[in-house]
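Okay, so chain A shows up in both of these, paired with chain B first and chain C after.
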Partner chain A sequence: MLVYALVAGLLFGLYFSLVGIGLNLVFGVMRIVNLAHGDFLMLGAFIAVGVSALAALDPLFAVPLAFVVFVLVGLVLYRLLVPRLQGSVNPEMLSIILFFGLSQVIEALTTIAFGTSERSIDSSELGAILAPLRTALFGGDADGPVELFGQSFPASWAISATVSVIAIGLVYVYLYRTRLGTLTRAVMSRRDEAFATGINVDRVSAAAFGIGLGLAAVAGVFAPFMFGSVTPAFGEDATVTSFAVVVLGSLGNPLGTALGGVVYGISYMLVQTYLSSWADLLPYVLLILILLLRPSGLLGRRVRVA
Partner chain B sequence: MIGRMAAAFAAGLMLATPVLAADPPAEIKIGTLYASSGRYASISMPVHSALKLWVEQKNAEGGVYVKAFDKKVPIKLVAYDDQSNTATASTLYNQLITQDKVDLLVADSGSVLTAPAVAIARDHKMFLFDQTGTGASFFSKDNPYIALMADPVSTIWPKPVADFLTHDGPALGIKKIALLYSTNEFTGTQANAVRKFIKESGAPVEIVYDQGVPTETTNYTVIINNIRAKKPDAVIHLGYAPNDIAFLRNVNEVGVKFKWMFSIYAGLETELLEKNVGVKGLQYVYTYVPPSELDYPVNFGMKMPEFRALWNKTFPDGKVEFGFNAVAGYTTALVIEKTLSVATSLDQMELRRAVFSLSGQLKTLDGTFALDETGGQIGELTPLGQLVPNEHGHLKFVAVYPHEVATGKPVYPRP
Partner chain C sequence: MPSAIRHLLFIVVPLLVVFAILPGVYENHLMLFNFVVFLILAQGVNVIYGFTGYLPFGYVGFFGSGAYGFAMMVMHAHASAPVAVIAAGLAGMLIGLLLTPLLRLSGAYFAIANLASSLAVLHFVANPALEDITRGPYGVSLTATFNPEAAYWAALVVLALTLGVVVYLKNSRFGLALQAVREDPVSAGMAGVNVVRMRVAAWLASALIAGLAGGVYAWYVSVFFPDNVFSGTFSIFAIVFALFGGVATIIGPIVGVLILYGVYNLIGFTTPQYFQLIYGLLIMGLVLFLPAGLVSLVTRRGRHVP
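Entry: the complex of A and B
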């Protein structure tokens, strides 16, 4: 049971790293708390449902689609909302109110459009195009579970975790191997100094906001598989968990989120195994513990001075 | 002399007034809540939609007959959205009573959102038409302000499940049972009842796994692995629809073959579950057989095919699924209609008397409406059934217990 919980926690946690990383990127660059983060995740899930139901395609095709669509949505939203927010006296506090309102609007519009019922996708559809590769790597049936350390896990978990690792790797490449990424880190480190040195902070911030939303939508594509189903109200819980993962890793350090996600995932599965009734308290308990013991997060060196 | 006669006539008229019908109001106000979003939306919206459907139907006929005024009076449905939030629900229940001054109070669907209404209604001495809140703690001899309309109370609901496992189970080879439930009033009470029935039966069956998980749980993979480690012959999962969806999907995704598996909503909201779990995932799952699968004799209101046709006509977009909860909402409406037709006033205790007078007499598409002395529903019992694929690959219900209503034999172990 322990080995199963640890491996399940690792897979689950890697997925949660992807869930949280966009939120942290946006906070790190702009110091705004995107309380609608989970709602963009939910919209990503609905894109996957649409790709599967309407186009009869493997939901993996929804990954690039969701990313591109929400990067564009992010750029537009940034132009509409963020400059005015940044110009206010207390952008962090106002961002909470603004994005809470945005979250309510997104949920209401999605409810009107799609109704309140749960929606999901047949698990065997995810990664169907990669079935031969999957069988070669993990054995078993093309639409069955995968074997890891002699234990069976849902194939969708392995695929979600793999995509999450790739996405986190790409965020790393973006931050540490591209010029825009270097500028992004400069803005994350000291926004005012970056501005003084002539960096186009607005452009860097818009890119980070778009990428943050795009990553949330990509995480959303896998939500129907990781959570059984999604509804328009799914975003609220996703935001809370994302926030716990982000704070655990280090607020303002996107790559710390990867560690935060894994710690959260493993802790969740261990609690579910040994103290199942208490599992849902975990995000809050971890938040309290980390704020008491290490307020800067597990990788807190690069935390912003707010 | 004339003055005395006039005074005597006036006094006589005044004395006679109580036996005449009172002045009718412009409308009867029915207050209720619904959840258009959040965790309970999928069980709340069908109930609320059915109630609305009935209101529109009756108002199109000029209203509902109210005995207290001896005439038809239009209905005004005062409904607020609690968004599946119990704190919001508390505020709104109070608002319905104190600000809107509704004549009848109807709870939202499910035990979680009914719970705040129970205490508030009692405090305000307002009779609560409890639609589907089956939690055992709602019903007590010292609370006359509640009656359960459309579901069996949770303390007796799982009796067919426990009886099947203890009476027929040992012969099939069922000796070890796993019990997994969501920790809320609805399923927590059912879990307690299952334990009690099994213990009292004295049958050679043992509960080898007994765990509660938070109602918000959406991932059961590790829990399923833990259950598998106990090698149970039967697994009972008691949760709300999203729990059932996640649990049944995870069982299939992990490739576990439990020999006997029960879930509540596989039967109560079969359309919803089929959309999310798939036909394959629901095959041979045991569940409650919903009223839509049973041909109950009806002495009031529409029969099932008629109601189904009207539902499909009214909600053609399929955004709100037809199922057990839709039937529950309509059943509540029928009880209200019948209550108003026999109550001599809109006084809350008179409404209670009228509701209880229907016990054992009212037969709707949901079965026989029968209450115990605390207001718990004991009439609309649901048999245990199994979802079996038919020759076209679709699912059909086979009632397996009690034996007198059985339509087939249980398939064990699950193929």
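Entry: the complex of A and C
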């Protein structure tokens, strides 16, 4: 049971890292609290449902689609919302309210379009295209569960975790191996100095915003498999979970979010296994404890003096 | 005439008189009661956000604690309703006291931690393991104290106290000191303001107000579930109402509640998703085009607004 909880926690944790990483990027670069983050996850999940139900394709095809669509959505939203917001007196606080409004709009529009019923996808559809590869590598049944450390897990969990690792790796490559990524890190550490050295802060921020939303949507593609089903109201819980993950890891550092996700996932599974009635409480308590005990260490700068 | 007395005579007294007369001429008492509750909560948000700059995104935590404080006093101590309302205020304050360490956090961190703490209190109260104490997720029923009329008057008393606090803040050295701390804690500290004590006092006052509001709410409705009294809607509405009118004024939150909650009741509940859409758009428009609230339309012309 312990091994099961640990491995399941690791798989979930890697996935949670992907859930949180977009939020981390947006907050790190723009100091904007994207309270609509979970709603973009929800929209990604609806793209997956659409790809699977309408086009009868492997939901994995929804990954590039969701990413491209939401990068573009992010660029447009950035132009519409952010410059105006950053001209106001207290952008960090007002962003919370602004994006809360956005999350309401998204949830309402999705409800109007698709209704409130729960959507799910048959988990055997995910990765069907990889089935020959899988049988060749690991042998065994193409539809069955995956064996890890003598425990069997749904194949969809393993696929979600794998895609998460790849996505986080790509974010790392973007931030540390490309020019735009280097500029992004410059803006993260000192916005005004980056501006003074002639970096086009607006362009860098817009890119980060787009990529942040794109990553949220990609994480959303796997939400129907990891959480069973999604509804338009799914976004709110997803946002709080993402915050817990981001705050656990260190801010502005993708590897930190990966760590945060894994710690979160494993502790979630352990509590779920041994103290199930208190499992709901975990993300919140963990979030508060981390904020109080290690605010500067895990969260970067900007902690009040008094 | 000192301005404090002017504020009491021309703003507070007329408002209270109107809400004292209205039940006699208007049928929908529940709606009037909700107006009073939101007036209290919006002013409570005003005390903490308007005067200190901390955005209490989990303000409902105090409200719900108050409601459950009331319920536990009635269920376990068989207290009379007025005593239980006072206990409710103390319950809100107790949670506030527990959360004072959160004041070390700044900006968005505070708002997120506060949101998480309200959800933590909700999941704690709603835990089936505590059924003997809080009735867990099954809700409480307080038929012994059921008396909506008395509860309405109690709500008016709480509103009067709350408005008294705001008038005091608006006209006292203490209120000025708080605003100085909000603008620049370091300079305020240098000028001899005890920054930490000021903040904690405003925080506890705000928690007390929400706790009392929760108490009268529990008294009025007498049957409720954890999800009702810890609903994030209370926090959001209170914040949006206060912001819409304009914080750090006496009249702003009042105007905000009367207009927005009035609109809320006019649009009606027939199609919640359309309502949610309009509300979300309204919130976004507010942040983008009128971030300092309705009163800024007047103050922009150089006139003072109480």
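Observations on the model:
The rule is simple: the second predicted complex is superposed on the first by the 288 of 306 C-alpha atoms of A that agree within 3 Å, B and C clash if a C-alpha of one lies under 4 Å from a C-alpha of the other, contacts with A are read in each partner's own complex, and residues count from 1 in each chain.
Criterion: a contact is a pair of C-beta atoms (placed from the backbone, for glycine too) under 8 Å apart; a residue touches a chain by one contact, two chains touch by 3 or more.
All figures in this text were calculated on a predicted structure; none of them were measured in a lab.
Taken together in the superposed arrangement on chain A, chain B and chain C clash.
Once chain A of one complex is fitted onto chain A of the other, the partner contacts of A:84 are limited to chain C, with no touch recorded for chain B. Look at A:244: by the touch rule set out above, it reaches chain C but stays clear of chain B.
Residue contacts after overlaying the shared chain place A:111 against chain B and chain C alike.
Looking at the shared chain after the overlay, A:199 reaches neither chain B nor chain C. In the superposed model, A:101 makes contact with chain C only, not with chain B.
Touch criterion met: A:277 reaches chain B and chain C at once. After overlaying the two complexes on the shared chain, residue contacts for A:291 are found with chain C alone; chain B is out of touch.
Stretch 220-228 of chain C is the one among 40-48, 202-210 or 220-228 that clashes with chain B after the shared chain A is superposed.
Of the residues of chain A, those at positions 107-108, 111, 277-278, 280 touch chain B in one of the two structures and chain C in the other.
Contact residues on chain A toward chain B in their complex (touch as defined above): 1, 4-5, 8, 12, 107-108, 111, 114-120, 122-123, 144-145, 151-157, 226-229, 231-233, 237, 269, 272-273, 276-280.
Interface residues of chain A, counted against chain C in their complex, comprise 27, 31, 33, 81, 84-85, 88-90, 92-98, 100-109, 111-112, 236, 240, 243-244, 247, 277-278, 280-281, 283-285, 287-288, 291-292, 295, 299, 302-306. Looking at the complex, you find that chain B touches chain A at residues 35-39, 41-42, 45, 83-84, 183, 211-214, 216-219, 221-223, 225-226, 229, 241-242, 245-247, 249-250, 252-256, 272, 275-276, 278, 317-321.
Per the touch definition, chain C reaches chain A in the complex via residues 53, 55, 57, 101-109, 111-113, 115-117, 119-120, 123-124, 127-129, 185-186, 189, 195-196, 199, 232, 236, 239-240, 243, 273-277, 279-284, 286-288, 291-292.
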